[in-house]
Amino acid sequence: MNSFNRLIEIFSDFPGIGPRQAKRFVYFLLTKPPAYTGELLRAIENLKNNTQTCSSCYRIFNKNGGMATLCSICSDRNRDHSLLAVVSRDSDLESLEKSGSYNGLYFVLGGIVPILENDPEKYVRSRELFTSVEKRIGDGLTEVILAMSANADSENTGQFVDRLLVPFKERGLKISLLGRGLSTGTELEYSDADTLRNALKNRK
Amino acid sequence: MNSFNRLIEIFSDFPGIGPRQAKRFVYFLLTKPPAYTGELLRAIENLKNNTQTCSSCYRIFNKNGGMATLCSICSDRNRDHSLLAVVSRDSDLESLEKSGSYNGLYFVLGGIVPILENDPEKYVRSRELFTSVEKRIGDGLTEVILAMSANADSENTGQFVDRLLVPFKERGLKISLLGRGLSTGTELEYSDADTLRNALKNRK
Amino acid sequence: MNSFNRLIEIFSDFPGIGPRQAKRFVYFLLTKPPAYTGELLRAIENLKNNTQTCSSCYRIFNKNGGMATLCSICSDRNRDHSLLAVVSRDSDLESLEKSGSYNGLYFVLGGIVPILENDPEKYVRSRELFTSVEKRIGDGLTEVILAMSANADSENTGQFVDRLLVPFKERGLKISLLGRGLSTGTELEYSDADTLRNALKNRK
Amino acid sequence: MNSFNRLIEIFSDFPGIGPRQAKRFVYFLLTKPPAYTGELLRAIENLKNNTQTCSSCYRIFNKNGGMATLCSICSDRNRDHSLLAVVSRDSDLESLEKSGSYNGLYFVLGGIVPILENDPEKYVRSRELFTSVEKRIGDGLTEVILAMSANADSENTGQFVDRLLVPFKERGLKISLLGRGLSTGTELEYSDADTLRNALKNRK
């Protein structure tokens, strides 16, 4: 297949992009001077060289030329090492960081376990999480927060992690789930039964 | 003003209706036979005669020809009389009933107190609520649930009710707020800081 | 059935209104003082008394206390009596008037003939149109414009009217259709084949 | 700037992509194996080598290993060489081809001339168009179709091309514009005055 059509195919794989927009990307690139395309190529080529997966939380971070294997959060002594928030993706971690409400550590699972999936290990870093929690318990970890979105597959992922970490519960580890209830903007009149049930149960 | 234009004006007052749709309503009525319009007129005319505002919770209910002044919820001995959910509108009450998660009583405020409003009593049944809570405390009421939507004006309404009921707190009345956190479908990546803060705080 | 539920049913018939919004209308009316409801009742009651269907174009107009049977357009000697725009509804007529581009007369069919309908006369004023055109031809009518929206049922309605008026074509009456092509805002990239075909055919 | 942030910036330039989706693209690429990224890089690198700008209509086409400088449309003897559709972009050309209603030739301007722009030549291939029309007139060209979208800037582009080609009008070249009117799906009730004016003017 020629590069034109192949590139449309590849861009169609990008998250949220269909064939029509993929084609517009290709036409867009064709109108750009070689300097632009060259910079795009270099940025893609260097992307993995310039970034590093944190050896502790598996978050991706910029190396900025350094040799660090720990990200800025994991190496920050002022963070609360008794808390570990388990998230599905880097974007969830960023969202929690931006909220300014969390000062503990993270673990990035790298995916979501679909409901009824027989081989959950294929989707998430389950061994790495197990090892990491084991090690961190010695370092003062007391609570793992399952920081999952409120949809079926994400909840299933949380349940998988919960089962995975059962052995540590006996050793006193607390496993918690993000609170459910009314999120900002929720109108009672248009709320589903589940949200109302949680809002009532978690009233305070 | 003639009836045609006056009716457009009145329909434009209806919740969610602009002048263009109001005009379509009027044209719609003009195409209908007298029997249809007659039934509409009778239904509007009898609406208040056939309905009753509950003397206890101020909810509107169908009289169905009866003489009851108490609605079916307030007169139901199987409901939990220790709980009183204060809601803004009948539609909020209906939503909670449909969820099947609440078995206490209700009080319908009849409105929302806008932020920075100096005269909140204009908007809600504050005296009626005060009297009702006073009386119910003798009947076993132990908790008032502020069941408000999660927006600025509704939260302001909740705070107003909270202040109003301060005298009863000293007598042991608990005042609670619907739980905040992730509602069904909430994605971490797209959540606002407030929702994430609440979800973290209310984790369990 | 009680008035509360019957009124919800009736409002659910209104164009664009579902049961949920219909219920909000009913609650809205219940919060209003008798003076408001009274005015609504009077406006609905007088609607047909205060309006008149034009004896010539079947448009609805305000009587404003007068005895006229002809609407302001039909009785306006400055309008071009050689042109007759046949529209489905009053709202289409209003839209053409607002455009300021048409100075002829109108005929309001009062409906749309669905595709594959065997009994089109049920839906539109076909006899009245026939009679009206016959009479107007003597008064100088030379062209009937089928002013229909560009969707399947409306086009079918146009074809029905076209067949209905065949006898007058032999007597020299021109029957025209609104031009097809790019409407304001149409992007070539997102246009359907039909629109492009018409835009090419009708280029000038 | 590091590749991570630079790549987000570059993707944010892509048509229809904001910073948030650009970031998702970068995270997406980071999860992909080197084979995938490698193929993307090759496809971008070879894009211009594998495509060719047609020397006649300036359309981009796949070389498929050949040495042709004329695209398949320009070299097709069965196309109607008396018609030349001037379009802004390749995607407009594709849309017209897909409609199956046009069998003439094309010229791709490569852009749009914004309203009130003093230097229109910066935006479109005006010299190339002039030369091309001059040459084609000798080859039987009789009509140039300004095939522009129906928005302000595109119409301005059409007017610019119209002025540019004035010298050829004296030599008998016809310059036409795509027809305006109702496009598929247009409802009279919701149409703007311009569309209705055109639909009336272009009735037939």
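Points to keep in mind about this one:
Note that the chains take the letters A, B, C and D in the order they are written out, and that residue 1 is the start of every chain.
The rule is simple: contacts are C-beta pairs under 8 Å (C-beta built on N, C-alpha and C of every residue); 3 or more make two chains touch, one makes a residue touch a chain.
Please read these numbers as outputs of a predicted model, since none were measured by experiment.
Shared contact partners of subunit A and subunit D: not a single chain qualifies. Chain centres were defined as the mean of their Cα atoms; on that basis the chain farthest from subunit A turns out to be C. Taking shared numbers over all numbers used, the subunit B to subunit C interface scores over half, which places it in the same class. Remark: subunit B and subunit C have CA centroids separated by 40 Å (rounded to whole angstrom).
For the pair subunit A and subunit C, the distance between mean C-alpha positions equals 56 Å.
Residue positions of subunit B touching 2 or more other chains: 89, 91. Subunit A makes touch with subunit D in their complex at residues 2-7, 10, 14-16, 21, 23-31, 34, 36-37, 39-51, 60, 62-64, 89-91, 110.
Against subunit C, the residues of subunit D that register as touching in their complex are 87-89, 91-92, 94-96, 98-102, 145, 147-151, 176-204.
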